[in-house]
């Protein structure tokens, strides 16, 4: 056990699984870096350094830099997974899904079903998402609701270094295609993380605190904010349960429903766009399955229905934060 | 006024707008057909003949066949729209969005916002969706919830020939990018359709019948089923309002909310996949905004969370039909 | 390299099986017994068989929407294929895939694909597996002339070139993508385009089994030896419409009749092996009868096979739930 | 074709403005005043200016993530650009786009693009508009060596070829895509690749303004005359990291210093026009001072400009609500 950043936690999970299983390989643009160049090899380890050090240990045969050809290399990861490897492909930003979406939507997600169960596709697609980085409309999106919409994909959104390590380990060991969504503003977050490998099961939410008045379901970076708000409101006599689904698909419906059956109130907090998003997905599920328990309207906290603006002044009001969450909790308590 | 098929209705809207405005052009694979071939020109008019006859009238300069390069030609339509034309691009099946998604997600939808309002993108992307055709997993999806998720896109799902003509006219006249989703099993549906051009405004739901007990919101082909069920239940003393949103983005929230405020019960019927879909989008919106009026849990009728199977025996139980809708209405009446 | 009698008989057997299969599916579809979208391979048999004769089970192929021929050439079970196309239990994909998604991973057949250009990226992955695990295998991507313009195909050519993957790209240029002529839709010249990605290739008459076989043999052994991807441009024709139901009005009247009379790969094959004395007409006739009987039996069995059961709808979405 | 004095001064003015702009943005970013992802064009000025000198406002360009140089070369307002990069009101895109989405449709600048390969399809559309409305305009897609492997780019080359669009594809090969060498990532040879799509092209020294200008002139007039798309492969270098913050350890130590000393486009330009007696040192020095002052003023104004207001967040999503 030691303090590790979100970045280190993921790096460690990748390293440990690569040590354990020679079929695990990495590929992506500059996942090592320096390919073909005269200077330093492993020059990048990905744009935010998450895969740094893996190429020196495992060699270029297992850590493959790629041309900028996401369809080809994400598809290659899918094809390699179907034929015996366990690739982890790096789709640098989730916003780039658009240039390789078919290989995820129609190939990775469907091969097993279309082939009557006679294929498995144990591929992991790591990708960065999220606003707050002043990275503007094409580098700041959530977009995991799009993946959650697609049957056949598992979609992971870790909320802390500890979660990230355990979920990445599971993602690599899992026999289904997994979209692993890392919030780019969390890489430097730190917490105590075990040194040895461990896997966190998919479809099991983490209840980070239990309360009596309101259930807050929050995703990714929003979990931290939800806990902050819950801390604050606790002192003011409002007691909240905070649930982190960890995997948005499969979704641990039971934990959410059971909690709402106790509290009678639901606030869902998500950073992705509101329409057909995770907030509405969870809110609707509760309105259908735990209606009798509800004492107040469900409340969704999301950004507005706009692209992500560049200007810091605008982005700061775009991203949901503690104040919006607090307002929502207070609203359902009225 | 005369009986027209869904196919004819769309063809007429395209033809009339092309006559009215020389900037309207069509492009897509085999939208005319026969390009470069020795036999008949205008050989196809699209795989289901929807654009047949337009090339002979408007010429190959305004009805452009394309290579199989959806990113290039959908992107070209977007770029042409931003520079002065009003293109209608044919993305043959909505399932093919994966090979051109970036041009829709990050270009068409965002140019206006990213450029601070200094661009308009009056492009229409026509596309076929829907199950029931035994077309299997990669040619039967709904997928419009993915487009509805994206700020900057307008998404239309017509439910009849009359609606199709008026909504296509509006789509072409609209200054925003529009995804126009045509259910492939509806092309031969017929009804009375005016001969002259008319536009149906976006964001205004059609209330096809008003009742007191249950609000059914249904989309696309499901509208017909919902009306059938409402007819049947009427005779048994259950009176339903049936709402067709027509455009799933923008969504006419007010009409839905007002209706639920009267009936107190909501069933949402959608053919797209359930997670982060239109059914949950509408159900959650109501659970948040009309909670006080609700007398029963909201109920969603969708296919299961699986790809679309090929076998007719399986596909027939995959697609929601009148029996599932009836069961849902009865359930909320309990 | 000369093919021996046994190999020649096998080649003819496969080509003939494909032809019978497709003619039969055409009849059954027209009769209303087969649902969905069906694209037939008749006329192109020499391509699939000429290429796949150079492959074994450890080698993979990725097919297109026009996949029956590739399936048969790669050794898939013909009866299970027919059941699949009828959507029945016992189908190669349990009835869930149908014609457009027919596949058998155990035979190295990674699937027909409903997405034009869907296969090449996948096949790069199969090649990467072969390279990483040093299986000695190669991987073949079949692409149509239409699919040759899809970005996924073009990217895959570059990736295979740069990664030096054991991939052979086989362009089956049957003159049309739906109703659009390949002479129009392909800018430039295919062999030069491949060369522009650093991939050597050649153009071959796709009606001529021997020409295809020989070109494929050279390309595949070069690639198998670790020299990187290769390319073949097969000029060929299809006999039926783009899909079943297509009236093919974009073709000159009589175009197909002339092709059937003059460029039929089965007839060309027969002429060549009979004239050279390698095989006798009776041997080939026997194969004709045998394959016809096989296909008849396949249809009878497919029609008698049970429908999938309701619970099959919800399985196979995930490997672990 | 000879450039007259006025044109030469204008060319130098633009190149110098770009250099000043980028050096200044580098300083301000390092000092923490500029947020976000910023990619600088310094070193490549001769490419943007050499090409865009052949264009007018009715011609369109699509840029890359490294877009400041293209913006300036296409005539965008430098002060509004600086405000945009600072995210302020009055920015070229009202502060909503930033460096990666800087654009001015009224100048025919269709935008920097955060998506590698995002621009070429759009530019095919601009070219289609020009062709359909017979404006006489052409459209230029700037693509990096990394972006040259993106399927969207490759498809666009084929589409432009087949549709005979007035598009010029300009490959700015600065040796790297992020940290990956273009000598590795591009399979085959770029000019041959373009030829494989039926597009003629040539390779040019991208440090040499005159070489770029002349090659672009020929390519653009050919394309403007209706002969279809053209291609240019510009070999060049960037001075700064891939983005601001990149330590560029993948480059040989001293690589950039040597380039700055030996292959700097501004220095090469000066030498040539001075030696040939076309322009005098003083004239160029005056431009240096003028552009430096302009950029200084731009920064001062940008820093003083107000932030966008909260209601701006919700506008410009749709043209009609």
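Each chain gets a letter, A, B, C and D, in the order it is written, and its residues are counted from 1.
Here is the rule we go by: contacts are C-beta pairs under 8 Å (C-beta built on N, C-alpha and C of every residue); 3 or more make two chains touch, one makes a residue touch a chain.
Owing to the predicted nature of the structure, the values given are computational and were not obtained by experimental measurement.
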Any chain touching subunit A and subunit B at once appears in the list C, D
Relative to subunit B, chain with the most remote C-alpha centre = D
Let me have the rounded angstrom distance from the C-alpha centre of subunit C over to the C-alpha centre of subunit D, please.
-> 45
For subunit A and subunit C, let me know how many angstrom lie between their CA-based centres, rounded off.
-> 40
Using CA atom averages as chain centres, what separation in Å is found between subunit B and subunit C?
-> 35
Touching two or more other chains, which residues of subunit C qualify?
-> 91, 93, 95-97, 101, 113-115, 117-118, 149-152, 155, 158, 162, 184-186, 317
Expected list for subunit B, residues touching two or more other chains, is 67, 69, 71-72, 95-96, 98-99, 102-103, 106, 113-114, 136-138, 151-152, 305-307, 309-310
Overall pattern in which the protein chains touch one another (line/ring/star/complete/other) | complete
In their shared complex, at which residues does subunit C touch subunit D?
-> 149-152, 154-155, 157-158, 160-162, 184-189, 192-199
Subunit B residues touching subunit A in their complex are 71, 95-99, 101-106, 109-110, 113-114, 136-138, 145-146, 148-152, 249, 251, 272-273, 275-289, 291-292, 294, 296-300, 305-307, 309-310
For subunit D, which residues count as touching subunit B in their complex?
-> 60, 62, 91-97, 101, 103-106, 110-111, 113-115, 117-118, 120-126, 128-130, 132-133, 151-152, 155-156, 158-159, 162-163, 315-321
In their complex, what parts of subunit C are in touch with subunit B?
-> 35-37, 87-88, 91, 93, 95-98, 100-101, 113-118, 146-147, 149-152, 176-186, 248-253, 255, 307-308, 310, 312-314, 317
Considering the complex alone, what residue numbers of subunit A touch subunit D?
-> 29-30, 33-41, 43-44, 47, 65, 67-72, 95-96, 98-99, 133-139, 304-307, 309-314, 317-318
